[in-house]
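Here chain A shows up in two complexes: once beside chain B, once beside chain C.
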Partner chain A sequence: MTTAPAKEQFDVIIVGAGPAGSVAALLSARAGLKVLLLERGEYPGAKNVSGAVFYGSAILNQLIPNWWEQAPVERYICRRDIAFMSPTTAVALDFRSAGAGYATAPYNGFTVLRPKFDRWLAAQAEAAGAFLLTSAVVDDVLRENGRIVGVRVRREQGEIYAKVVIACDGVNSFLAKKAGLQREFHSHELSLGVKEVLGLDPAIIQDRFHLSGNEGIAFEYLGAITEDVHGGAFLYTNHDSLSLGVIGQVSSLVERRKRSYELLEGFKAHPAVAPLVRGGKLREYSAHLIPESGWSMQPKLYTGGMLVAGDAAGFCLAAGLYLEGMNYAMQSGLAAAETAIVACQRGNFSARTLAIYRKYLKQRHVSTDFRAYRHAPSFVNGPRLQNLYPEMVARGMEQIFRVDGAPKQKILPLAYRMVRQSSIKPGQLLHDVYQVARAYLW
Partner chain B sequence: MHIAVCLKYVPDPSTIEVDPLTGMIDTGRMLYMMNPADESALELALRLRPPTGTVTVFSVGPVEADRLLQDALAAGADAAVRVWDDSLGSLKPTVTTILLAAALRVKEAPDLVLCGGHSVDRGSGTVPALLAEHLDWPVVTDVTQFEIQAGRIQVQRRLARGARAESEVALPAILGLETGLVHLRQASLPNLMRVKHTPIPLYGLEELGLSPQDLYFPAMTLHEVMPPRPRARIMFSPDPSASVQDRVAQIMSAGVAGKAGKIMDSGTPEQQADAIIEFLRQRGFLEQPT
Partner chain C sequence: MVMTTHEEKMRTVRFRVAATPHIVVNSEICRNECSVHACVYVCPANLFVPLDDGGILFNYEQCFECGTCYIACNQEGAIRWSYPDGGYGVTFRES
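Up next is the complex of A and B:
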């Protein structure tokens, strides 16, 4: 009969082997800490979903030089499109760069397939000495004298102790709630993303999207694409597939009685999108919640014996121009690891010691970015900016380009007429202009 | 009592997906698992193990199969052995059983060998019987229930159409177990963590005292692969020469007649085997001796 060994003691337990958890494990293991990385899936990445463009190449490059040479990446992103849609029209801003940092090392972003990428990343943490345990569901935190001292895994004798616990268990973090750091979310703070991966021949992808070699493109769509649900859509190129999906605010999905898969079908049928996805064969279907409210939904980030990082801490920047999560997940994971390393050096794991997490988050520009864009989510995710204005832009361009014998209209009177015809009040328009300026300009 | 359990490393059927571009199985997405019938064999072995007994698990497979054996150790097996040689490719049950038999002999022969009756991938169900042939031990397949008493095992076998047979064999013996008899226990967290980096002893051909020639087994050869052809449907018509009464009775029965099966419960095993071979010859399943 096998007997249980003595209580396993770790320096750090990291819950969740996503981008935040795996880099936190990598950094702390390299610093010589005894690290346990827990993952509920059968393998790291099994349960993880995102778009997925990874914009944190430079960050990862500091940890693992030339990481893209060994990691399972799909294509590097050197083209980005933002398109404003009406039901029949699309107006796009097309960005393409062969410049340094976009088409050359360390690259700006890569499309990745999360099950492969996360698995690789966790393997790097393992190689650095972290102990990875999969199929391990964490049910609760363990407390002693008001401090968190470990977690309980859903297994026989599942209590396991450590000096610091880092919760990287994703949006709707169970651990942050158990530790009393996070409240329940409101449905307007969360968006539901549904995504498909469509298999397509690499040669067709290159021709269709004007790409050569391993170049890739990221499309983002705003406007009528989600009908009257607040949200948007995306389409990214992988090596031999496309990742595309629709993101809708949960509260407005419920209010408008829309199903997200219907929106996805509508998106794929849009005249600007249909030719891009033609012939794609469905390989995967997935859905996930996205914490979109940034600053306002951040939990308390630390307590005695515990830190929160990644999506669990709401570090997902969904602010119109930016749709970034994995890079902030990594930065916050690294900041949490740095904090844990310092706490272990000092031998003190009180909330006061762990408060230096704030400093590290600032140094890594996580909290500063989220603070700077704190005003963006509330109105970007609102109806006018995400749906109405983009649609008006698309309709306006339709008018401007139309040649039908009628007299030419100048842009300002046209815009004036369109605003008059719409439900927007002039006061709202001025307010929105101010909001956009406040969010992005200064 | 020493119990050996044979575990097979099989693809998880729920992860098998066909790549729509190539039409081939996407092996990159496939996950592997312990064959379910072997899992319940392992659980039964753990329950049967007396305080002084041991349970040793065996698997023939590449290095990835170590995870499976570690899982078995975490669940409570005492020792594990992986058998593999890099020259081996995809294995036929005939070769697998030669390797397993050699490993069982090398590693102190057990009193009882438990096998899952069928694997979810190949599903030939031949491993227990072939293993018995190599070890020259008695074997019972399709086992639904068994009990050990004083060196003998009382076994219940599943037969066709819900029938059951009871038999008794002397140890050492091999049992091929039905799927889903019991569920494998969940390993405790400390055990799971302990086995994570436990090295699994590897027996290659050399350690087993085998040469590549020994793996030759005069087995069937594949001549042709054909798509399954549906059987011609024969409309029932009553025998016109029969009396009216008989014809009505035939029509009322809709042509259903009980299959003429025969349960052989007398004679020596040799006589019974001869009778089975004769039956198969008559039906054209075996070639006539020339």
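Up next is the complex of A and C:
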């Protein structure tokens, strides 16, 4: 059987105008490639939800110097809390820095509203010469001679050809599955995030969170906040609103028969949270899946004519101390673009040539970070680390600070008694201490 | 207005409803082969309604397109889903 050579209308087709897709389009277009960026939403960001703190400022600054001066950012993060909760108590580790890179350019992180930020970012790709087509949903890849040569958009004459396709179509990546690169997921590998944006006067936000000007906070919560569902909660400040939400492992929500939006109401009503959200007026409710399992759910990252980046490739680091996705989306998008540029220079789009993607992912610290933290997600996102221990810390502090005429207890016997009273076995505890150390310390 | 009902939450979300559903539930499977009905609990938009006969009624109009129902469903083939036509479905403005 003979097949005519593919009608290559574009050098690169990028599916999905989120942070991975838009920076891939930007870099490819700057290199002089003919780029088509496809987005199924009415505009880029229309389908996208995250917390959203964007920790990739330094990365984006290399592409667009002082990008925050022109982009729709909310507040830069100068303060982060990790709080351990019991139903009545909170114990928080409070981090605040006015140090270099936190309170000065390029800043460590910014809160953003995704529909605004993603739209701006896609416009930068357009300005660099990429062609953006919105309201275009991609149903399948096109193959010729065993290689992927384009995509099928759901419309009349929707077959569009390219030398390289980069799938940046998000956590549910239909494209990676159609290309045979990704398997079906298990419900313990993904978490559901539900979120609200509550409007609040900027002056109240500043007073309430001890902020000046454009400073902002990122608070994260573990423990009894999600009841017995494995997960956590977050609260971030925007310019004139708060973004807050609850994240729950899908399998755990099913097992416990808990509704995520009811957990969200419980979070807002917690005595440590209620005063922070008081007076907020609901502007928008949203929900999205999070690929929380990192390393273990990553697809095969390339095949002849195609690469996978961003959430579609599972590049989301959800590991206790870290809750980062957009930065890795951008790093992997850039690595994919670098790969496409080299492939176009060589005129070769085989899997063998595209394998150079691995090298670029390593250079951009994507695969190295995910490898380093490969033990963290399955363990940190489990019941003891996310629920049991944080709650025990909160309950323990309640005991330690209590003055009620009873004799003071020393901490070790108190801790011993609490462990004895819980469902945790001493062997389990030792194992967990080792796991935490292995996940974070070395 | 900090505490809100699910109905109040959903009223803040903008949807452009497509003519055809992008998610199809095979209620026969829900009725005969599934006793868990995980979809009823996990859907953040609360779109799965259990029926008296054990089946499931699904409203696609206010779907977030998150995929949680598909991931949570333990019965092969009970939920068939794709994305709505381009430009249709949920359109977030502030998230």
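Keep in mind that, in the parts below, the second predicted complex is superposed on the first by the 434 of 442 C-alpha atoms of A that agree within 3 Å, B and C clash if a C-alpha of one lies under 4 Å from a C-alpha of the other, contacts with A are read in each partner's own complex, and residues count from 1 in each chain.
The definition used in the following text is that a residue touches a chain if its C-beta (ideal position, glycine included) is under 8 Å from a C-beta of that chain, and two chains touch if they have at least 3 such contacts.
Because the structure is predicted, anything quoted here is derived from the model rather than measured.
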In the overlaid three-chain picture, which partner chain does A:D240 touch, first (chain B) or second (chain C), both, or neither? first
First (chain B), second (chain C), both or neither: which does A:R283 touch? both
In the overlay, work out which of chain B or chain C sits against more residues of chain A. C
Which partner chains sit in contact with A:S187 here, chain B, chain C, both or neither? Use first/second/both/neither. second
Who does A:D201 touch here: chain B (first), chain C (second), both, or neither? first
Identify the partner contact of A:I13: answer first if only chain B is touched, second if only chain C is, both if each is, neither if none is. neither
Which superposed partner A:R114 touches (first chain B, second chain C, both, neither): second
Chain B versus chain C as contact partner of A:E42, first or second or both or neither: both
Which holds for A:R257: it touches chain B only (first), chain C only (second), both, or neither? second
Touched partner set for A:R155, first chain B, second chain C, both or neither: both
Give me the intersection of chain A's contacts with chain B and its contacts with chain C, in residue numbers. 42, 115, 136, 153, 155, 281-283
Show me the residue ranges of chain B that touch chain A in the complex, using the header's touch definition. 17, 19-21, 28-29, 31, 73, 76, 78, 186-194, 196
Of chain A, residues touching chain C in the complex: 40-42, 45-49, 52, 113-115, 134-137, 139, 153-155, 171-172, 174, 185, 187, 190, 192, 194-198, 241, 243, 250-251, 253-254, 257-261, 265, 268-269, 274, 277-289
In the complex, chain C touches chain A at residues 1-4, 6, 8-10, 12-13, 16, 36, 38, 41-42, 44-46, 64-68, 71-72, 82-87, 89-95
For the complex, give me every residue of chain A touching chain B. 1-2, 4-5, 8, 42-43, 115-116, 131, 133, 136, 153, 155-160, 199-201, 240, 281-283
